[in-house]
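Next come two complexes built around subunit A: one with subunit B, the other with subunit C.
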Partner chain A sequence: MSDRKLPRLLQSPAVLLLLVWMLIPLGMTLYFSFIRYVLNSLRRPEWTSPSLSNWRGFGNYEFVLKSKDFLFAIQNSLFIVCSILILTVILGVLIAVLINKTFPGQGIVRVLLISPFFVMPAVNAVLWINMILDPVLGLQGIAIGSINDLIDGLRAAPGVGWFFSLWPELEPISFRATQTSAYAVIIMVTWQWTPFAVLIFMTSLQSEDQQQKEAAVLDGASPWSQFRFLTLPHLARPIAIVVMIQAIFHLSLYAEIEIVSRGTGNKNLPYLIGEFANNNIGAASATGIFAVILANIVAFFLLRMIGKTLME
Partner chain B sequence: MGRIQLKNVTKSFGETQVIPPLDLTIEDGEFAVFVGPSGCGKSTLLRMIAGLEDLTSGNIEIDGDVATEVPPSQRGLAMVFQSYALYPHMTVRKNIGFPLRMAKMEQAEIDQRVETAAKSLNLMDYLERKPADLSGGQRQRVAIGRAIVREPAAFLFDEPLSNLDAALRVGMRLEIGELHERLKTTMIYVTHDQVEAMTMANKIVVLRAGVIEQVGSPLELYHKPQNEFVAGFIGSPKMNFVKGPEAEKYGAATIGIRPEHTDVSMTEGAWKGRVGVAEHLGSDTFIHVHDTGLADMLTVRVTGDISVKHGDTIYLTPQADQIHKFDTQGLRL
Partner chain C sequence: MAIVAKPSRFSKYGRPTVAWVVGLLFFFPIFWMVLTSFKTDADAVKPEHLIWFTPTLENYLNMTENYDYWRFAKNSVITAVFATAFTLVVGIPCAYAMAFNPSKATKDVLMWMLSTKMLPAAAVLYPMTFLTKSAGLFDTHFLIILVLSLINLPIAIWMLFTYFKEIPKDIIEAGQMDGVSTMGEIKEILIPLAWGGIAATALLVFIFCWNEAYWTVRLTTTDAATLSKLIEGNRAPEGLFFGRLSAVSAAAVGPIVVLGWFCQKQLVQGLTFGAVK
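What follows is the complex of A and B.
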């Protein structure tokens, strides 16, 4: 068995390093989550340094569970992640199928389609919320303003004026508001990540067997049937990959939420951790442990889903 | 019914004309084989009949009706592809039933037809498997099953056996021949292998560079090749060609003599040569003869076994009534 020992010996430094890398932060988070640890306290200065004598048991967890934002943050995390996944996969498949055909200017169109992916998240959020979604100065405000002006003009027109006077004045939507800030985040992240889905699906479509398509044409399959029975099953694996990678990334969205509304009406778990970490490290650590649990639940379902598609 | 006529059909890819004007009739119930070296346009021709390639000019008629503008699925033709083109995500049952499902047939009727086809192709035990779990021969049979269930006017085969190993190829050749006997449906079969053409066809169409060199039954092509190309392409091992004074004796520019039509002697004969490689197959021996002064190498076939060694002197005598004579254009005299 000596021929097996050497490879294991050579692997061990890397394995050890990875273990340390993972275990130390996790261990520290666990430790902090069970003690009272704040950054600044005039009343109880002994809590400002981590120590076992400040042991709080599950107190931090209780505190987090009882805080009014916790359940909302979990719900909102799942709502944002699932919405982005559904939108990017549907848009990604449609666009990939569309640009898979040869047409003049194909190369430029592909580069343009991919480019949103290279914009930094914070820049993306600033651009969208100020230049596009802003109800007064953004494209949205300008567009709705001009539509209202146009309808106003038509109301005065003879003959058809009565018809347009039945139309209501359009109100621009304020995406920084409590009820809508999550939608703004979903819109901007979908815009940024659809190119990623397109890129993955496009490479997969290029490996699709053309003789199968020809066989399907001879078998009398319509373009829709070819898509439904050949292309979509062919894309099952890349879809699973896109879903998994995006779920990992979007569970930890932060910059967009911060920039759109500073968490007003729109928090996810990482944002909640950030808020606690302003002072209460113990509560932030406990929330971190909840986030780890949530990520593991999501990963468990995703891996099962991917396992199924790989088996097929 | 499945009478297919090609009238003045041409095909160009951009500036290059791959098929100059071509006429061909395939009668109902015939087993026609398109054979020729790779790049001769035989697959393109088949794909044009199927409707997968457009015609540059000319017409295709199926049972007397012009089918040139008819979409592929409406032509009533079924095709078996070289790569089988099975749908990888579907079971064998769904693969075979797919054309019927696309035709919106009732599920009960589909099941019944699929099972009939599967029985006749020995696929009953594999109906719930996916193509990836099947062997090459089984996949080929699934592809044929998918063609059969449609009850097409004609079957088109595009080099269906070239991905199989030699032993399986012989078996599938027999199965396809058997299938044709049973169904009596028109079949058009494309191959580059003249053995497949000779063993399966009623009618062989020999193509070179998009031009039909000869159309005929296998034995017609064997006994009366119209030109040097057909003579060299049909028959294995290849026909020997002799040019020069020896050919002029027979009043031809080139004479051709098949390996099996040459008598061999160790003591006397018309042509003297030196034995090169001798291939002993048991039933036959192929001897490659050098230094005859007639051609680089002549091949002869001796029935049974003969003990010759590399370097032996050998005498060959062509059988006078089996000599093919060609003029300077390569055409049969």
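What follows is the complex of A and C.
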């Protein structure tokens, strides 16, 4: 008995599951984005259940576009993602080139370097914002406090006191404040994802053409031009992949933003959706559709850029 | 070798030194968390006990009392294990079909699967809450297992597909000649041959499930709450509980970090879909 049809059928459970997972909630989001729908309303109780009679057309979209947080959330989302991408790629290339040659303890250094990548985002955020970045009790606060103490001591010292009495008192930075909380998120995510970039670039560097390099050395090429004209072009593809994967993950950053400042001054699109969803489902859904559109624009360019290389 | 470039002083001493400094810097926050976990809550915020202190195990011994750690840990283990298993059960047949009986649409289907990963989770937050609450699934292990499987399925299928593609088709076809059924082929030929790749996929999916922090936080309250939810719920200890919070954090990430050390190579292949080797 031939069962040649069976193999194709084996794809269907996965495809069906993903299709349902994608279409049903997204369809509902689309529907809710066109109606008036709130969770609590004493004045208009009819809006508290989804119904076509509450049709609002593009009203929710208009409302969202006009809300003061929306444009900022998009700007902030892109700011956070782009900053992380630039930092991780630059640091990743530098570190990968640095540790690519054999040296004593290379294996241990690799293990030390990769560890942050496996720390769960919630722990990452709690650890950084409290134990490290806290302006009073964290390492930052303690370090700045002790520098100030030292300077205080030097002020009273004979001979150098005149110099240090005009020295400024250092102020610790509060990373839970309005704009700085975005920096805190960028720092912690960069710490977590640079190892990922390093790992991928290192894997790629191991397949670099060594003969070409030797020829370049013979021709008297400087280390810089070797890096610029051989290594960097070789890394083009892994860089594109690192950018794509990180863009996917970081456009939906949530836990870090929630933990650092509960979104104060630092909302991104997912966070704004979460806030609307506390009551105004129509607005949350319209924002969700905007987020889908933004993700699709990014995905379109990125997949174009590297889709072909993935398929080879 | 024709040329022996004289090793410069930098490559002999400078490079290893800088490399070690960078490695230690990146590891430092984890080291600091573990160090703080052995301090009492009072010592943890005293500058004079920054490095010199009397180590104590009380934070670890009191994890149940302080945070109910084991209940959350149990939920993390249950959901991650079953989600990984379910992902493989659905993913292996799919990747098998794509690798050995591809159709014209296979590439598009693969790309489409990847694109579902780009759908921002927040966009479907409310419908998911609404659906799961009305189906009575909110805050159940079943729901979290299902959601974790679905979000990891695309990456798992991609990974398995890249591993399966490397198996010579002849071997599978020889099995077909001998009249082995499709299921038999998967069980007796494919799985033993691709065991390494399947294990790597399982490991990676497990790590992702363990660390997931959007749905596990938003779709649970108590019964199915995982370690992500536990840590997220204690986000601002205001310096009062640095010791005990470090201990519970270290216990939450420790197993996964160690597991991660063993699958660095597979991680690269898996996350880049085999495009970087």
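Here, the second predicted complex is superposed on the first by the 278 of 312 C-alpha atoms of A that agree within 3 Å, B and C clash if a C-alpha of one lies under 4 Å from a C-alpha of the other, contacts with A are read in each partner's own complex, and residues count from 1 in each chain.
One rule holds for everything that comes next: a residue touches a chain if its C-beta (ideal position, glycine included) is under 8 Å from a C-beta of that chain, and two chains touch if they have at least 3 such contacts.
Computed from a predicted model, the values in this text were never measured in an experiment.
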item	value
Partner chain(s) touched by A:241 [first = subunit B, second = subunit C, both, neither]	second
Contacts of A:165 with subunit B and subunit C, given as first, second, both or neither	neither
Touched partner set for A:178, first subunit B, second subunit C, both or neither	neither
First (subunit B), second (subunit C), both or neither touched by A:264	neither
Touched partner set for A:217, first subunit B, second subunit C, both or neither	both
Contacts of A:75 with subunit B and subunit C, given as first, second, both or neither	neither
Winner by number of subunit A residues touched, once subunit B and subunit C are compared	C
First, second, both or neither for A:41, with subunit B first and subunit C second	neither
Contact residues common to both interfaces of subunit A (with subunit B and with subunit C)	214, 217-218, 312
Residues of subunit A defined as touching subunit B within the complex	209, 211-212, 214-222, 225, 229-230, 233-234, 236, 312
Contacting residues of subunit C [partner subunit A, same complex]	1-3, 5, 11, 15-16, 18-20, 22-24, 26-27, 29-30, 32-33, 36, 45, 47, 50, 90-91, 93-94, 96-98, 100-101, 103, 107, 109, 111, 113-131, 150, 153-154, 157, 181-182, 207, 210-211, 213-214, 217-218, 227-228, 231-232, 234-237, 239, 242, 245-246, 249, 252-253, 256-257, 259-261, 264-265, 267-268, 271-273, 275-277
Interface residues, subunit A side, partner subunit C - complex	3-4, 6-11, 13-15, 17-18, 21-22, 24-26, 28-29, 32, 95, 98-99, 101, 103-106, 108-123, 125-132, 134, 136-137, 139, 142, 145-146, 191, 194-196, 199-200, 203-204, 207, 214, 217-218, 237-238, 241, 245, 248, 251-252, 254-255, 258-259, 269-271, 273-274, 277, 281, 284-285, 288-289, 291-292, 295-296, 298-299, 303, 306-307, 309-312
Contact set on subunit B toward subunit A in their complex	50-52, 72-73, 77-79, 81-83, 85-90, 98-99, 102-103, 146, 150
